[in-house]
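Chain nomenclature is as follows: A, B and C, assigned in order of appearance, with residue numbering initiated at 1 for each chain independently.
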Amino acid sequence: MSLHSDRLFPADPHTREIARKLYQSVKALPIISPHGHTDPSWFANNEPFENPAALLVQPDHYVLRMLFSQGVSMEELGIKRKDGGAVETDPRKVWQRFAEHYYLFRGTPSRMWLDHVFFEVFGLTEALTKESADRYFDHIQGCLQKPEFLPRALFERFNIELIATTESPLDDLRHHQTIQNSDWKGRVITAFRPDPVIDPEFEGFADNVKKLGEITGIEIKTFDDYLNALRQRRDYFKRFGATSTDHGHPTAKTEDLSSEDKHQLFSVVIGGSATPEQAETFRAQMLTEMALMSLDDGLVMQLHPGCYRNHNEDLFTAFGRDKGADIPVQTEYVQALRPLLNKVGSDPRFSMIVFTLDETSYSRELAPLAGHYPALKVGPAWWFHDSPEGMRRYREQITETAGFYNTVGFNDDTRAFLSIPARHDVARRMDCAFLAQLVAEHRLGEDEAMELAHDLSYRLAKEAYKL
Amino acid sequence: MSLHSDRLFPADPHTREIARKLYQSVKALPIISPHGHTDPSWFANNEPFENPAALLVQPDHYVLRMLFSQGVSMEELGIKRKDGGAVETDPRKVWQRFAEHYYLFRGTPSRMWLDHVFFEVFGLTEALTKESADRYFDHIQGCLQKPEFLPRALFERFNIELIATTESPLDDLRHHQTIQNSDWKGRVITAFRPDPVIDPEFEGFADNVKKLGEITGIEIKTFDDYLNALRQRRDYFKRFGATSTDHGHPTAKTEDLSSEDKHQLFSVVIGGSATPEQAETFRAQMLTEMALMSLDDGLVMQLHPGCYRNHNEDLFTAFGRDKGADIPVQTEYVQALRPLLNKVGSDPRFSMIVFTLDETSYSRELAPLAGHYPALKVGPAWWFHDSPEGMRRYREQITETAGFYNTVGFNDDTRAFLSIPARHDVARRMDCAFLAQLVAEHRLGEDEAMELAHDLSYRLAKEAYKL
Amino acid sequence: MSLHSDRLFPADPHTREIARKLYQSVKALPIISPHGHTDPSWFANNEPFENPAALLVQPDHYVLRMLFSQGVSMEELGIKRKDGGAVETDPRKVWQRFAEHYYLFRGTPSRMWLDHVFFEVFGLTEALTKESADRYFDHIQGCLQKPEFLPRALFERFNIELIATTESPLDDLRHHQTIQNSDWKGRVITAFRPDPVIDPEFEGFADNVKKLGEITGIEIKTFDDYLNALRQRRDYFKRFGATSTDHGHPTAKTEDLSSEDKHQLFSVVIGGSATPEQAETFRAQMLTEMALMSLDDGLVMQLHPGCYRNHNEDLFTAFGRDKGADIPVQTEYVQALRPLLNKVGSDPRFSMIVFTLDETSYSRELAPLAGHYPALKVGPAWWFHDSPEGMRRYREQITETAGFYNTVGFNDDTRAFLSIPARHDVARRMDCAFLAQLVAEHRLGEDEAMELAHDLSYRLAKEAYKL
């Protein structure tokens, strides 16, 4: 195994030469990671990662889904059962199972990310197979004990200028506090993800709102109380660097209800008797409320809609969320976002970044919307489409209508900390490859492409997230 | 700035060589523009265009949307407010704002079209930037005063064999009359766009139908009266060269109601009390009625569905239509077109050209439908998809099922007169690039590709529109 | 005309060289044809094919649809009218009409398949045109009389290791019996397609169920009787080699009703009074029932949903099914398959292969579902998308999420027996081209690509269909 320096560049020699030149100019830029799911306790406590399986296999839903799809059970991978039932406890055995099935990832981005981690982070040069599994395990395990593999050391080695984590309004942000209090200079900020207190169908919603009241010292009786509590938490998050909110709704629906309707709906929802339609309307209205708060506090709104969560019920019951059983669904934006966009979409104080798992919306809905509304930008290719092919489709379907400047650079959106440089590297390479094609086809000057490569790799993310 | 002679051709040298050869054989062919929105008064009156901003910025909704999306207001661009409020009145300042933001168009078709206009039409060779803005303005302004930049001179210089404009049935076609009466030989024909008198939700529908009665001298009391009036206007349009009708409905829905139901529905609609569902049914039925008239008068029917018009309400209120706030929506054709196609889709006297803004329908719906029904053809990549990438997707998704001969060549569909050669040039280059790839992959003989290049650039448009 | 040895390979010389090497390693592999519609009587009776028109034109719905779309009537092509009305009876004239219009197929897969048949099977080297039509007819007609063009001889010459036909549960499989009883060694197996006795909206459904009772000797009064009869027929089909069932439902909807609801619904359905919704629910439940039977008998379930059959009513009335008037519709899988997948999707005894005519589901729904559920695999690019472009889109949109090993190799799915080698050859070339690109972009080792080329051409089909 080795990572070829020309990987992902177009095969045509002339185009490849242009891509190389563009990539040379951006490959060493610091990483801006404005949206992701790393655990702030890593950077707060700076303790060694446990073992190769716990670090690279068990928390990675891309890996779990692929192995599960080919008959490897969650138990064999050592994923904890909620009922405490027996699962594999030996990380070496989990690692071996992973290694035996590593060929399944051929052609997938996971393969690229993992190879990058093996080679660049751990210096491994043989391919991962059943035969090399033990050597891999021992080598990685050895590394993890060394100071240069502690989270903060890796953060620095990865040249991360800034990373954002994502927390619930109920989180006390103690780890961020610890980081702030420490003398470590790494910039780790939070982002405000209010789904648990905004979505009436979230597990424990009523309790969550109650807890929100306790934390804020506001007795939440009316919709106004509730909004005030949320406003207060947004302020609290800003103290820990937050520049954005994030919303993981089932759809992109927004609403702009009358004051009376809002208050009535809140009573129903807080009373626990909301129908699915009312829950949907409440989430829709709350997006607009969050947008209105953004006018005041300047937090950038992110919307991540369109996923059927926990599609496999037995798996969810036994093992819980995020085990690779979330499936995208068709998602509509034009009607859905209209109430919100008509209210604040042309307000210079507002900024909204929309993502999609439904690629049909790129050219049909999102590029036209982002190519018109000043507040709206299209987030990068997301999740299942965070892949070389997904990135190419994204640029090919967005650029013609929205250009480059209504997009926001790259998000790694990951909890797989070690893969962050790999993911940004894939994004930079694919953007350079796309730009190189425009240059080779005489649609763009090389100087313009050079500027754009820098913008897409670095500047746009910083600007869009106000970092 | 210069326009490279190989622009848009594939980077692979061998494929590029084939593309070059194909393009050489078609680049000088006359332009057939069978569907568009140029203003016939230009050719009737042959007066100089006003200034660079009024010519190239203010009427171009592609330009307006992009600038607006990045925070430039309509007022700053000198777009008239309906309420008479203050807007920029100095065209030079409008032009400067445009120039400052010209980098936003990188990677978009607008950039290609505009560069083509600057270089080919005006002979400008430096790039448009903030710095060159004034020189651009002065140079273009100077050109516009010269006889060789008058509309008819440009028409001839552009090698336009024929251009179709689009008018409402309520238009008296006076400009077309002037052209007919003149000794100028340029072929400018009209096309019949009856939305204002067919769509119950069109602004002023009832008044429009009343005016239709006045113009035709038919007292419109029954559905039959109404159809007769429309029939008469179609005949009138044919006298000014019309060979086609055009329909801009929200959906592709068609109906085939009983005679009784039609007459009843007309009473409701003309009475002004139609529900949205009834309005939709009426439009649907009227498509079928128009198709039936085509059996007699031979007008080719064009359908342009699937756009959410005026999505931004405040913008619409302040500035009106066509300011870049129209957004495509998902569009269904298989169920929608069935009533019409089952009635006339196999009739050799009928011909229908369907367009889409929902590219998912290319391979799933439109190519299969056009690959079966004799009357149906697929119109070229439209509006947001009138781009190099859009054209490539179009050919790649249509050809496998419908071949080339169920398509109709290129439509520029534009009011931006000066960009017409640029747009046809992009289409010819992209078709040659696609054909070159088929030749390079040994799927098509070079002689066949040569014939197809000519068909796609010239012959199919002429035939499909009966020109 | 000649078939270039590099056809379909990428134009870039280096990538093409890799594609060549990969293809060399798989081009001679035997053909596994696990799903198709050839007529078993050909192999049972081994009689000469009748004439070129009856062999290559009249049964090919791809050919019929294209000619019809350009104004050639079914009558001119000699397709029998149900009312016995006059149609062309001279096969030579039918062939001439086909030849005159052969240029229509430029750029389509039919053109590639037919050229392959002409050149490889019949040794023809001139292009098919109006002028060469008679020579073609005479030459092919001459060949068909020779022993080496009898069905069994072609089967062997085509290097077919196994072919599956598709039969109704009401079929007595007499031709398969004849083949079994013969001393011919060709492996021709059946597949179980129960639509006629499962779909309440199938023509003659009630009679079909009655006949099912007669064939099985089970008096079908209750839902359990009905299931038993189906179970018995599945067993019968297994005796003739069946390893799979196939289901051609309008949608992918599945259900998991209570026992009581199932029995009640069956009474309604068998009583002939089912509403369209009840018919849909019954089909949905029956997919789950068939899946449950698969747990016991091991038959692999295939689902082919999403086609609007017989869209052209007049054509259907006059000429019947399969004349090229079936049109794909938008198809949803995530909600639709959930009941079935939650019941058996993680059961190691179950295996299901899902196809789609709605390519938007590749990256959004099918790859994520197949990339999670152990039982689910994605069938190859189907029907309208069984084309070079369709295959490339398939790999580009499936692989990133589901990898290669949740796909099942190629299906020719055809009744056009002579085109089977051509179709497999296109698939092998396109897979090698895709793999070559991954190698050229340094995303895959050449050794891995070599193994994958073999898997995709041969091994995966055998494994997925348990052959």
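In this section, a contact is a pair of C-beta atoms (placed from the backbone, for glycine too) under 8 Å apart; a residue touches a chain by one contact, two chains touch by 3 or more.
Predicted model, so just to flag it, every value in this text is computed and none were measured.
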Subunit A onto subunit B, rotation angle from CA fit, given as a multiple of 5 degrees: 120
Residue-number overlap at the subunit A/subunit C interface, same or different (half cut): different
Rounded Å distance, subunit A centre to subunit C centre (Cα mean): 40
Residue numbers of subunit C (touch at least two other chains): 10, 12, 360
Residue ranges of subunit A in contact with subunit C within the complex: 3-4, 6-13, 65-66, 68-71, 103-109, 111-112, 127, 308, 311-315, 324-330, 357-360, 384-385, 387-390
Residues on subunit C engaged by subunit A in the complex (per definition of touch): 10, 12, 14-15, 332, 334-335, 338, 341-342, 345-346, 348, 360, 363-365, 367-374, 376, 396-397, 399-406, 437-438, 440-445, 448, 452
